[in-house]
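Letters A, B and C name the chains as they come in the text, with residue numbers starting at 1 for each one.
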Amino acid sequence: MNRRLRWRKFVSNFMLSMTGVCAFVAVSVLFFILGSLVYHGGTSINWNFFTKLPSPVGETGGGMANAIVGSAKLLLLATLFGVPIGFLGAVYLAEFSGSKVAFVVRYAADLLNGAPSIVIGIFAFSIAVHPFKHFSTLAGGFALGVMMVPITLRSTEQFLLDVPRTLREGAMALGASKWKTIATVIVPAAYRGILTAILLAFARVAGETAPLIFTALGNSYWSHGWNEPTASLPVMIWNYSISAYEDWHRQAWAAGLVLLILILVINIMARAILSRGISVPR
Amino acid sequence: MSTASTTLPSAGPVAGSRSFFSRLREGDEIARMITFVFAASVVILTVLLVFELWNGSSLARHKFGLAFFVTRVWDPVFEQFGALPFIYGTVVTSVVALVLAVPLGIGAAIFLAELAPARVSDTLQFFIDLLAAVPSVIYGLLGLFIVVPLMREYVQPALKNTLGFLPLFQGPAYGLGFLTAGIVLAIMVIPYIISVSREVLLSVPRDQREAALALGSTRWESTWKVVVPFARTGIMGSIFLALARALGETMAVSMVIGNAPTISASLFSPGDSIASIIANQFSEATGELYTQSLIELGLVLFLLTFILNGLARILILATTQRGSDMGNA
Amino acid sequence: MNASVRSVLPVKIAPPTGSLPSREMPSAASMRMTVSKVNFFYGAKQTLFDISLGVAASKVTALIGPSGCGKSTLLRTFNRMDETVRHTRLEGDILLDGHDIHEQDVTQLRRRIGMVFQRPNPFPKSIFDNVAYGLRINGSKLALSDAVEKSLRHAALWDEVKDHLHKSAYELSGGQQQRLCIARALAVEPEVLLLDEPCSALDPISTAKIEELLVQLKDLCTIVIVTHNMQQAARVSDFTAFLLTGQLIEFSPTPYLFTTPSDPRTEAYITGRFG
């Protein structure tokens, strides 16, 4: 083997190992994040955390009960707003529309999807806060819902289109009308994918902070009903971590751990549902 | 049956040959109309978004015009607003992020697409996808409590000692600043580069690599000189995508960038980005002009990400298309 | 036997005109490559069974047989391309000029044994850069443009592309792209050139051009060609090996294999009774 060939082989082995290092580094970041959250926040997850309200500045022993409930309310609103639009819109695209309309709707959805979350926050502010002159849970739910729409729409459309022709034709040949076919055959066939899409959209907005900053704002106390500003986990994490108080930092870590576990669990569940196999034999 | 069926049934699709009323009766027309309304509302939301951004910044746009983009001053008291420091901060942090993320991301993608056996590749990709799902505020949390001290105690002093003659690495080491924000951003956008590049590399036809190997290339040569160039458009697309993400990133950046609207050659300097100033000041903005200037910043951000995302999509589509065309040639 | 078989042959495979070559296979000494008791496994499944044959130097050897008989698999073992697929195992010996190919560095081996693939697969580079690729990675001291011209002439492509060397290879037609791939393989001056059904994706005119080319290339290097087209094998090759379900059924000088095959299975294949 001559020198040049030896060099080339050395370069090859070296560079390929380096790519392995890159992959290893990238993946280990995930575990580092989880590990750090567990290390710094694990001990702070206690009964207080889940049941107490935030204590006044400087005092210890408070919790994030209102933020947890607040996040739940916001996510509920977001789902109620975003999922029907995304789902039914996708049904329209996959089953009824012509290609021109479909193009416009898809393009709009992609625009919405690509908009930075802070811009969505400005939008929600203009529509749901400014005219009413106050911040509210509804506005926050609207902001998050808007973010859920494009994710739900595009994925659902994809899964509906993936349902094999033969299934549709079989149902129609039996005399089922279009909407019956959709409701009783096509959607059930695609339900795994649709559920996954909804879960992933949910997990995505569960962690969003920016759209909430000037819609739901925040609240040190319980938020009553839907018209008051409300605390939420992500916003609490933000507020607490940039504050100067050790105790708040500690709680921010704990909240981060809770939030991340929630999001990761939903993500893993969603993928498990999808990979459990297609619900329609091919 | 119904009066509508006096026309002969055509050989075309079922829906086309039935009249409006028979479809209405069977509920199809209602279903179509209902779902159309929902689909249309997506378009309405988007149009409304653009409208609100445009309209909500009209005062600022008319007052400052194009000078908005080159004015350094951001003074709420005297109502003087210029976007330059934020554009600068956004650009600098994004560039730092890409400089770090692109080699690492492409390297990892090469490993996943060319070297790792399918099962390993899929498992690692799964973890990368989970990484992409981590919310911005959690990156910010780690950035603030772990990366910033690290930067302040170790990395920045080390850089100063070795490369301190460059204006890039001068000035006091606070830990916060452009460099730190760029590093945190890099970690956030790597998953996007990896996922898309990996897909694009996997779509390169097998016989490209085989032809290179059959000519006596080493594995690295066949990957780097043939497979990667074949996929280069798609990889560019992944970089644009990552850039679009980096531009719009709000929370993590605002937590580590230092929040001082400065323009400085030093990467150690604190600064601010477009998204971060909006996040920090919007809810306290008093006065129409103040608020509208912030909205104008939002409009700028929206347009930038819109262009980048569009370009990214075109590039990625072009490569995967070319791969499948070659395979069918 | 002679007469009865001839009457069964379809008219299209005409017996060769002029004097027939020797019936005997060349001696071991004039074999460029020797394959000895090769068994090949893909996972648990065995796809090649006890194959032994010799590839004569400066001649064209054809491998024929129905789909799935293992001819491409066998070809790919010659330049160790079988190693690019996981879970494969090779038993037996393959020698190039008397030396075991598995005891040499694979990168070096593949310079000495080149390959042209079923579908033209030029790199996304210019015509010039495609041909120069092999030369560049080996740090060739030759003036690149001379070497590139030489290869393109050998591939009968020079006149068509000489004014367009810097255009993308993808602007060429299918047949031209395949000749480019041949030029690319020839540029590193291999001793053996392997072609895996090189014309199956091409039109008849391009096919004819390449077949003409192959006969001329014999002087430059030893050629092994896999083809599912029996007429092509009959036209182009000096020796033909017939494979069926992973076994070597018959291996003899081409005119004899096609006119007086010794195995009934060979006869059945070439008379079109299957495959």
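What we mean here is this: a residue touches a chain if its C-beta (ideal position, glycine included) is under 8 Å from a C-beta of that chain, and two chains touch if they have at least 3 such contacts.
What you are looking at is a predicted structure, and each value in this text was computed from that prediction instead of being measured.
Colleague: When you take the mean of every protein CA atom shown, which chain's own CA mean is nearest to it?
Modeller: B
Colleague: Relative to chain A, which chain's C-alpha centre is the most remote?
Modeller: Checked the centroid distances; the maximum from chain A is C.
Colleague: How many angstrom lie between the CA centroids of chain A and chain B, rounded to a whole number?
Modeller: So the centroids are 16 Å from each other.
Colleague: What's the distance between the Cα centroids of chain A and chain C, rounded to whole Å?
Modeller: So the centroids are 56 Å from each other.
Colleague: From the mean C-alpha coordinate of chain B to that of chain C, what's the distance rounded to whole Å?
Modeller: Using C-alpha averages as centres, the distance is 49 Å.
Colleague: Mark out which residues of chain A touch at least two other chains, giving numbers and ranges.
Modeller: Chain A, residues with two or more chain partners: 8-9.
Colleague: Mind pulling the chain C residues that touch 2 or more other chains?
Modeller: As it turns out, chain C has residues touching two or more other chains at 107-108, 137-138.
Colleague: Pull out every residue in chain B that's touching 2 or more other chains.
Modeller: As it turns out, chain B has residues touching two or more other chains at 218, 221.
Colleague: Taking the complex as given, what residues does chain A use to touch chain C?
Modeller: 1, 4-5, 8-9
Colleague: Taking the touch rule as given, give the residues of chain C at its contact with chain A in the complex, in rising order.
Modeller: On the chain C side, the touching residues are 105, 107-108, 137-139.
Colleague: Please give the residue numbers of chain C that touch chain B in the complex, ascending.
Modeller: Answer in residue numbers: 79, 81, 84, 86, 107-111, 114-115, 117-121, 123-125, 133-134, 137-138, 174, 181, 184-185, 188, 201.
Colleague: Which residues of chain B touch chain A once you look at their complex with the stated criterion?
Modeller: Those residues of chain B that touch chain A are 14-15, 26-28, 30-32, 34-36, 38-43, 45-49, 52-53, 56, 103-105, 107-108, 110-112, 114-116, 124, 126-131, 133-142, 144-146, 187, 190-191, 194, 218-221, 223-224, 244, 247-251, 255, 275, 278-279, 282-283, 294-295, 298, 301-302, 305-306, 309, 313.
Colleague: For chain A, which residues are in contact with chain B within the complex?
Modeller: 8-9, 11-13, 15-16, 18-23, 25-27, 29-30, 33, 36-37, 40, 84-89, 91-93, 95-97, 101, 104-105, 108-112, 114-123, 125-127, 146, 149-150, 153, 172, 177-180, 182, 203-204, 206-210, 213-214, 217, 234, 237-238, 241-242, 249, 252-253, 256, 259-260, 263-264, 267-268, 271
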